[in-house]
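For reference, chains read A, B, C and D in written order, and residue numbers begin at 1 within each chain.
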């Protein structure tokens, strides 16, 4: 911990950063994000295995961007998000310094995104066993039961859009659900509208989602929304060999194609 | 009760399938009148959201059709569309949506006969499946339950 | 509120026979937004069109729907009529009641209902239509021709003769290309250089042509009518303005053992060299990779002997910027070399040569002054075996296509050999003889019948050397599949025509597509064979696919005429059915996220990065996508791709398409 | 050092000397060869033309046995056997359905983690690093290295760099102090499959090979395939009739030639088992200069 704090203090001292996004302890087991603006606040900075939040989501916020030079303490999911976002041209207006703590508890300060990319590729995470188990279970159901399962889940959705707010990939200044010329998605929290929202979200994140699972964790009514995108990523890798959050020159399944892409349903 | 006549919406590209449907006309090939065509410049323009909106607005079946691979008027619109459909279908599959109600096809400008057969087949298939009510049920049931609950209180 | 007019055509009886047209018009009149509806026997006739024009004026219509035949038939007709009536032509849309209703269904109520549905859908679309105006793009009337082979030469001369400026860029020190290496040409056996050299000189002297040899295109940006091109003029190390081409330098150059590209490696050249005697320009360059001065730092003989003081070792590459309106890509081809064939000795047998090497042997300006002699010992071969389809049409070698020129040039080679050496024996192993072309088959027959060339239908499995002979083992499939063995003195492989090694990078610089063999892709295989998918860039010659000289020249002229068409007016007019990235008030400027993932989706590379800047400070406020209307062809793939609907397609907008769907469905079928 | 060994039928019968010499050389270099217990036919002769499943299952059984026995590498000297075992392994590893089917046939698990070695790979990996200390003699003769069909083909199984003109055997012969000649019939057909049924064809095909070797001055022909050996060695009378001349060049297995350079006796290498006397090859040998 001391190592990390010293490193960050150093960054503040030599003027590399003037805002640090990291984690601090909370009443619950899971640490919470914190924003450190001066050296005196560095003491609260911690990093443990329980630091799950994807802090990259804050990099889209205007108030964070204003700081100019931002340090960000990143877990592997956050690093993937940073790689993916770079491939989506999102960091043209900020200067950032990325830190992580590896398995051996060494603090790494990346000098550029290429280093982050190399680190991500060397430590690329597998899909979580738990998610795969649930997906396997869902796949074992009949179509009608799956429909029942998901529509029941979606009937509970209150359209709070927390899943969107927490997602580093959902950075559109105006989301399609807010589009009313034409109105693509019903605004009220009815199941059909909810269903459309979640299908659309899955389509927009397929191949871009970096599997941090924040959306599922954050959902106040407990819908495992992250499963949709996890499944999509799994399928895309199987079908097209693409991986999200893997390369700075992104290889995104939906803006590329191969003339011999295989499918079994087009007549 | 009269026989169920399904509503089928066809999203087609201008250069191949729309022209193929025109050819079915010029060769006077008869087919089921349950289909309504919406013309797009290219399959690449066909938004998956429109497919959802079609079902939401009461379509019983949807046909999506364009140029065969390598024949796209814009060279690669259909290739992009194909990837999009692969992904879209797999999301629908996961959610348990009845993907049998969406038929994807390649119909070229020369395949008037194929177009007519396609429409007939899809019409028969959807007739056999009956009206699409999966979405109506969702909100319908929910509202009815709320209503019943309110009444009993 | 929209005031839409609906005009239902009977098309004689073509529509009215199965559709109750009066009923359709009657129902249409009740639709929201419809101010007037009528039906008429022939809407497309002059009186019909007049009725539309009058109705527009009389009922102050803002848009019209014509229920008639397919829009592919008469959309243009009715849009013109709308314009005459005083409304924007893009506010006229067609409901297809003939091809997709009356001709394919019987006379039932359902058919009429379908017609009404379609009319309602289109009425809804028109209610969301906005006026669109043709896009005007200015044109820079200068053409760039990349490649100085016969394709580039022909295209450049055609365009220049039409009075336009042409800039030609050629990679090697001289123009002429592969054609200048050829001995005689089929099917007339006229000398290649005799017909080519005057053209080369014409290029060099043409007042409208600027020639840059020893130069390469660095980058291409911009769009049709307005390309910005960077050209790298490689350092020749020879001052062109001083050099007289006297040749003293290359006579005295001590590095004499460099394989001569022009002679396909059959002879040597010096480090300072002009590729061949008729080169244009006939002024040397220094091949720095093989020059003692540049590699070892000492020598400098050429500088000492040059009477004009033209040698300049300090010369550096220069990058020039040019503006052009259109580009002809004529970068040519390459052939597979003998080392591609393990079964024929991995290129290690000196007397197994490729077609281009044979051309040089047969050429009067070649290393043997036109005498066909073996590279190994200089003897005149008594027996030559020619192998057509070496590599071509061979899936196992990864080349499935036919190289097209080999059948003809192999017949020519065999003939040339027989003409020069009557006693000799020429054998040709072939798969099929493909001699489609004017006087082509006659030519092959002449080789077989008059010049006594032995044609053997079959392939060769192996060649090995024995006692100074090449043993060619093959099969004659026409003689009961008998194995054949020929003791040859020389073997000529008609190796496959392939794309240039740098074709891929050229295509990427130009943003044009290419196939898996790296041949450049035409916009449409039948109907647009000389254009590429990038508007304003044309193809000529074998960079597209294997071609012979007549085909190459035809295509070059076609490319030139396409460009002349483009240059015929100062502005180009384009259909306004293009994609547009939305704009809104600051601080948002646009809802586009600037993720720029759509750049890859566009088949025409019409989407580019745009920086929205503060007008005063120049500070970048936002990065967004921007559609170049000059390049966009209106497919709409980006529209369906954009996650938050920041791009829309004029004429097929989200509003229009969704309202069509809703209008269709919210009534019983 | 222990390496697994699959003999196949030939090395137990007509080409016993190939096996014998391989063992002799290996022993000399401190390598123990362990035979796969209860191995079965590789299916080379007929299985693949009669039943596709069988042609995969037969080698698979042997490979599964090797796995059970704990062998991680096996050397397969016979070119035909190697071809079948490698093809079977590749087919199974490339297709899950074939794996499942085959496991059912052989009633054993198949992981495919046994590495298969051609005789060249074996020599390269195990003998070459130590060979110099054991090579005491110089073969001192011109050798024509003959590969025939299966040692070089198909190229994705045999992994040779230049399938149309391989050099693997030449490298071994150079090490043994011989001078390999450049000749034309290295990879031509010996008539293998017609060994019994059409000896006239064998005579014609093998005759050309011998003739070219003879014309280019070879003192011996080196082979690494039992079929090649028997055709070139056994069919001399027929070949003589065909060529209308006598060619007496002996045909040695690569391991025999290598063994000779290591000072192993002709008897131990099974040179007495040949039809064409090998004395001519042996007589060339000289002591290696220190």
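To be clear about the criterion, a residue touches a chain if its C-beta (ideal position, glycine included) is under 8 Å from a C-beta of that chain, and two chains touch if they have at least 3 such contacts.
Small disclaimer: the values here were computed from a predicted structure and weren't measured.
Asker: When I count C-beta pairs in contact, which pair ends up with more: A-C or B-C?
Answerer: When B-C is set beside A-C, the one with more contacts is B-C.
Asker: Mind checking the centre-to-centre distance between chain A and chain D? Centres are C-alpha means, answer in whole Å.
Answerer: Between these chains, centre-to-centre, one finds 58 Å.
Asker: Based only on mean CA positions, could you tell me how far chain A sits from chain C in angstrom?
Answerer: Once rounded, the distance between the two centres reads 43 Å.
Asker: Roughly how far is chain B from chain C, going centre to centre by Cα mean, in whole Å?
Answerer: 37
Asker: Averaging over Cα atoms per chain, report the distance between chain B and chain D in Å.
Answerer: 63
Asker: Please output the residue numbers of chain B that touch at least 2 other chains, ranges allowed.
Answerer: 48, 53, 76, 80, 84
Asker: Return the residues of chain C touching two or more other chains; collapse runs of consecutive numbers into ranges.
Answerer: 601, 641, 654, 658
Asker: Could you list which residues of chain A touch at least two other chains?
Answerer: 176, 184, 254-256
Asker: Let me know each pair of chains that touch one another.
Answerer: Those chain pairs satisfying the definition are A-B, A-C, B-C, C-D.
Asker: Could you pull out which chain B residues touch chain A in their complex?
Answerer: Residue list for chain B touching chain A: 48-49, 52-53, 56, 69-70, 76, 79-80, 82-99, 103-106, 118, 134-135, 138-139, 142.
Asker: For a test of understanding, state which residues of chain C touch chain D in their complex under the given definition.
Answerer: 342-343, 345-346, 462, 464-466, 471
Asker: Tell me, which parts of chain A touch chain C in their complex?
Answerer: Its residues touching chain C are 88-90, 92-93, 171-176, 179, 181-182, 184, 204, 250, 252, 254-256.
Asker: Where on chain D is chain C touching in the complex?
Answerer: 162-165, 184-185, 188, 212, 215
Asker: So in the complex, which bits of chain C are touching chain A?
Answerer: 588, 591, 593-598, 600-601, 609, 620, 623, 641, 643-645, 654-655, 658-659
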